[in-house]
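Starting off with a structure, shown below.
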Amino acid sequence: MNTIAAPLLPPSERPDSYLSAGYSVRSWLLTHDHKRIAILFAVSITLLFFVGGTAAALIRIELITPAGDLVSAETYNKLFTMHGVIMVWFFLIPSIPATLGNFLIPLMIGARDLAFPRLNLLSWYLYLAGAVVTIGALLAGGVDTGWTFYTPFSTLFSNTYVIAAVAGVFIVGFSSILTGLNIIVTVHELRAPGMTWFRLPLFVWAIYATSVILVLATPVLAMTLSLMAFERIFRIGIFDPQLGGDPLLFQHLFWFYSHPAVYIMVLPGMGVVSEIITCFARKRIFGYRMMAYAILAIAVIGFLVWGHHMFVSGQSVYAGMVFSVLSYLVAIPSAIKVFNWTATLYKGSIHFEAPMLYTLGFVGLFMLGGLTGLFLAALALDVHLTDTYFVIAHFHYIMVGGTVLAYLGGIHYWWPKITGRLYSDAWARFAAILIFAGFNLTFFPQYLLGVAGMPRRYHEYAPEFQVLHVLSSAGASVLALGFLLPPVYLLWSLRRGEHATANPWNASGLEWRTSSPPPQENFKEIPVVTGPPYDYSPQEGDSMFGQEARELGASASRS
Amino acid sequence: MNALFPWTPAASPLAGKVDVLLGALTALTGGVAVTIIALIIVFCLRYRHNTKADRTRAPADQRHRATRRIELAWTIIPLLLFLGVFVWAADLYYQQHAPPPDAQQVFIVAKQWMWKVQHADGRREIDQLHVPRGYPIKLVMTSQDVIHSFFVPAFRTKQDVLPGRYTTLWFTAERAGRFHLFCTEYCGTDHSRMTGDIVVMEPEEYTRWLASGPAQQTLAARGEQLFRTLGCSGCHGASATVHAPPLESLYGRPVALASGGTVIADELYIRDSILIPTKDVAAGYSPIMPSFAGQVSEEQILELIAYIESLRDSQGSPP
Amino acid sequence: MSGIAEQFEDVRQQEQSAHLGMWVFLATEVLFFGVLFFVYSVMRARYPADFAAASRHTDVAVGTINTAILLTSSFTVALAVRASQMQAVRLTRRWLWVTAALGAVFLALKGYEYYKDYSEHLIPAFRFSFEAAHARGAEVFFALYFATTGLHAVHLCIGIAVVLLIARNAARNEHAVEVGGLYWHFVDIVWIFLYPLLYLVSRA
Amino acid sequence: MKPAAFRTYLWTWLALLALLALTFGSAYVHMGTFNLVVNLAIAVLKTLLVMIVFMDLARSTSLVRLAAAAGFFWLALLAGLSLTDFLTRS
């Protein structure tokens, strides 16, 4: 019964690692260990990412020609709906919080586990149940409402498996809520002695703020989708004007969740990047306190801007103005973060292993995505740009260029800690560059398409848009290749990679003060924290950046 | 060039203003982006771990007050810039929502998956909208089923079209020619085929085009006919014995309601009066008017509205 | 139940975590129910007369009695907590049983009300009939009525189960009683708002 | 935690029932919109009583109080900002 665990067999010299605590399938599926649950999450969201990615691939192939020749219009609509639904709720939202967050939060604050381990496992099972229901809806015939489920199309007109898809999202929402609740309580109650709030790594701040959003926004989505299903089944007029409802009510409720949800998707990435950038610049993060406050500000103000998705929806002009000005306010803390990361590099002693490449990619692409958000927040401009490919480019820059890159960066950064193995840094750097190049080729042309007026969710399009679409599709194939690489060399490293020491990057967090992989109880003895985080010093330069980091490169050329 | 960047030049005065805003924002954000990326590249090269650059006195550790000041600067300067952009864009947005009073009205009914156009003179079109160059046009739009969105890239304007409500959109075409019309709110299977053309003609040509169509009644005249055949005139007509409000000077005026408030009698109010008469009952009348829901199509409602509007015009505009 | 789970350093930490966890959960619940209250407000503003008419068809006597029952059950569960804090295990159990019983009476009365609604054709989408002038808004009112009270009833059932479980297994553990009590009070609070919004829209 | 006095709970309970009677009674007095205001004010009062006394917020840490307030605060954000649309839509 050791099929799953076999490739993860840890070195015999570390029999106490969490990976060697049991090899049976049962020891994984019934585990209460946050580290194992994190791995369960990682495996499942990776699978779902490739499902969503396959839909994206089909979309891009279809859009090579203006005519709708590869798939029918119905199928196309189902493809982008499932792409959006899966990528948002089954990949990106759980991505960093439920994997890296789950694994690292207790380690970073010096705790033995999350506060509610059983709830944590339940959260994974809920995720699984939601995924099964949604994939079931996909296999049964799909859904064609778009990920936004706008009424009255979703309630009275679509004749696809809307209820099933919504049920899947509803269930996975509770998985999110439980993860968030667990993390909030853990960060409040289980910090090691001496771990004051302003000694927390920014990653912890980010995941904490994300959790607050998860807990307060997700129930709104759950109830809104329930009401939508209710209207669809019983024909009660809440959202449908023909029955006497108000379709904008649905949009308000949906975006009250979904705008904060975009910060659920980006804050964790910001946390990861803050960890990596200080470590690889060997320098304390610039303006630590400001960074922490900025995270909180984004989380709170992020709740006040949802109406910017409704500038042409028929919402009142005055509401539009309120939401627009608030959208500019929320951009300020993001701006602070970009400036502070840049300043962190100043007078650092910078290393360029794969995690840092991903991180630099994040900073640049997040900035471009965020800056184009300012175009969309500008009322009169959004009137032109909304529901065009400009929006598509905007959010893929942040969500793929930003968060997915940060996720990959984090996986590479903590891989030695999680698995106790070193991967090939050369391959990793190659993949990072490939992804970066492919990404820009895919999505930059989409900004131009949007400005020129190419509407989104279009199966067929006017011929003058073709050249840019072809460029985008070409980019997508490079991007797909880039995304296929990391699973290959990372899995390879599980068997063939060299063993990692406790602290291969010579990094400063508590997670590096325990063995790699960590023992089941995380720490032999709970550490006592005596100083602020990010105890790096550029002057010490190379000598501080561990022996092993350089070996990473060496092992690459060997394998 | 046009294949790489299929950008239609602005074809209305407001579109030109949107382009200026777009350009300004591109310059501003582009400048910021280039600066930051340049800084990142310079730092990465200069402070690569094996260079001998001077790394002493890095700001984060020592000069605390300077750090503060820098941080304050890069909080406040963007904030001011952002507020400037906001005001500029909001002002333009307001203009986009304030049609000139003399705008010529055209009714649009959207349905899966076509655009139905009704001109005031009774001319109808499908997926085409002919307009004269140089005259402000105001579209009054509604949908028969789901939400659609009326998007004309050349005018840089768009507006969602909702069922059960009227939304408006206006423009003044500056250049003659044919421009894309796209539906930009996802509305089901053939969403991407719900497209059409805006045909902007020189005014003389437009008059000729209008004249060339089959002879027909104006919208208001058709409305008047409906008003009789549906039996509205039995209650609202001059000789009616039922106690019902006269509709002559209704349109655009405030109406006192039985529930206490007042509403302006706009298109939506008239529409609701026909379909859900119990919703807003005029003060001094009893709610005996039957609902006509299911008996009149969206187009017919628009004809009735046109008729009731025309009643006001024949009485002289309200003050 | 006085053992400490391995992730905790001491009892205090464990107890505080449980408390905070429950409160955070309740915050989630506030927003979950909150959407229904929000939708209710929007719809009521849209159909004021219909809501007034529909509300007059609810059974205000039963509603009021039920409110009193729930308020009382909050009192008894608070007494259970108090008893457990005094280590009076048998008394704790007894108050918990009383609480659960009050919850059950509430549900029974609610069931009776639902039955009446059913026989008066007030169930939306299911042979719903109402005076024509107000039918549209009334149907929305009753849809929200069933959604809110139904969801509330589900919560109450869970509450009863939790209270009985604690009475059986954990009456000795004052923290378990406290945390369970928090949940019970929350269910009461939801009803405190439902009562005027559903039963008292227009009685004057 | 030390148990609170029985009297406190008893009085709270009686107050709650009194408030219930007050809402019920007020509903039969014709006051227009004011009926709604009174009803909601009483509901808020009752909620505060339950939360402060029964749920023991009076003796809780500020963290717990914050958590207790957060849900209501966020609900107010949802309602409040939506009003910018619902109240001014033409």
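Letters A, B, C and D mark the chains as written, and numbering starts fresh at 1 in each.
We adopt the following convention: a contact is a pair of C-beta atoms (placed from the backbone, for glycine too) under 8 Å apart; a residue touches a chain by one contact, two chains touch by 3 or more.
All of these numbers come straight from a predicted model, not from anything done at the bench.
Student: A-D versus C-D: which has more C-beta pairs touching?
Tutor: C-D
Student: Roughly how far is chain C from chain D, centre to centre by C-alpha average, rounded to an integer in Å?
Tutor: Averaging C-alpha atoms per chain gives centres 15 Å apart.
Student: Express in whole angstrom the distance between the two chain centres, defined as the mean CA positions of chain B and chain D.
Tutor: Distance between chain centres: 42 Å.
Student: Calculate how many whole Å lie between the centre of chain A and the centre of chain D, each centre taken as the average of the chain's C-alpha atoms.
Tutor: Comparing mean C-alpha positions, chain D is 38 Å from chain A.
Student: What is the distance, in whole Å, between the centres of chain A and chain B, each centre taken as the mean of its C-alpha atoms?
Tutor: 36
Student: Any chance you could list the residues of chain C touching two or more other chains?
Tutor: 16, 20, 24, 27-29, 31, 34-35, 38, 42, 136 - these are the residues of chain C that touch more than one other chain.
Student: At which residue positions does chain D touch at least two other chains?
Tutor: Correct list: 63, 70-71, 74, 78, 82, 90.
Student: Indicate the residues of chain A shared as contacts by at least two other chains.
Tutor: Within chain A, residues 188, 216, 220, 244, 248, 253, 314, 317 contact more than one other chain.
Student: Among all the chains shown, which pairs meet the touch rule set out at the top?
Tutor: So the chains that touch one another pair up as A-B, A-C, A-D, B-C, C-D.
Student: Applying the document's contact rule, which stretches of chain A touch chain B when the two form their complex?
Tutor: Within the complex, chain A contacts chain B at residues 68, 73-74, 77, 144-146, 150, 152-153, 156-158, 240-242, 244, 247-248, 281-287, 290, 311-314, 317, 320-321, 324-325, 328-329, 331-332, 335-336, 338-340, 342-352, 360, 363-364, 367-368, 371-372, 374-375, 377-381, 383-384, 386-388, 448, 451-453, 455-462, 464-468, 538-539, 541-542, 545.
Student: Which residues, counting only chain A, touch chain D once they are in their complex?
Tutor: Checking each residue of chain A against chain D gives 188, 212, 216, 220, 248, 252-253, 256, 303-304, 306-307, 310, 314-319, 322-323.
Student: Can you tell me which positions in chain B touch chain C when the two form their complex?
Tutor: These residues of chain B touch chain C: 259, 276, 278, 287.
Student: Along chain A, where are the residues that touch chain C in the complex?
Tutor: Touch list, chain A to chain C: 106, 111-117, 177, 181-182, 184-186, 188-190, 215-220, 222-224, 227, 230, 234-238, 244-246, 249, 253, 521, 526.
Student: What does chain D use to touch chain C in their complex?
Tutor: Per the stated touch rule, the residues are 1-4, 6, 9-10, 12-13, 16-17, 20, 23-24, 27-31, 35-36, 39-40, 42-43, 46-47, 50-51, 53-56, 60-61, 63-64, 67-68, 70-72, 74-75, 78-79, 82, 86.
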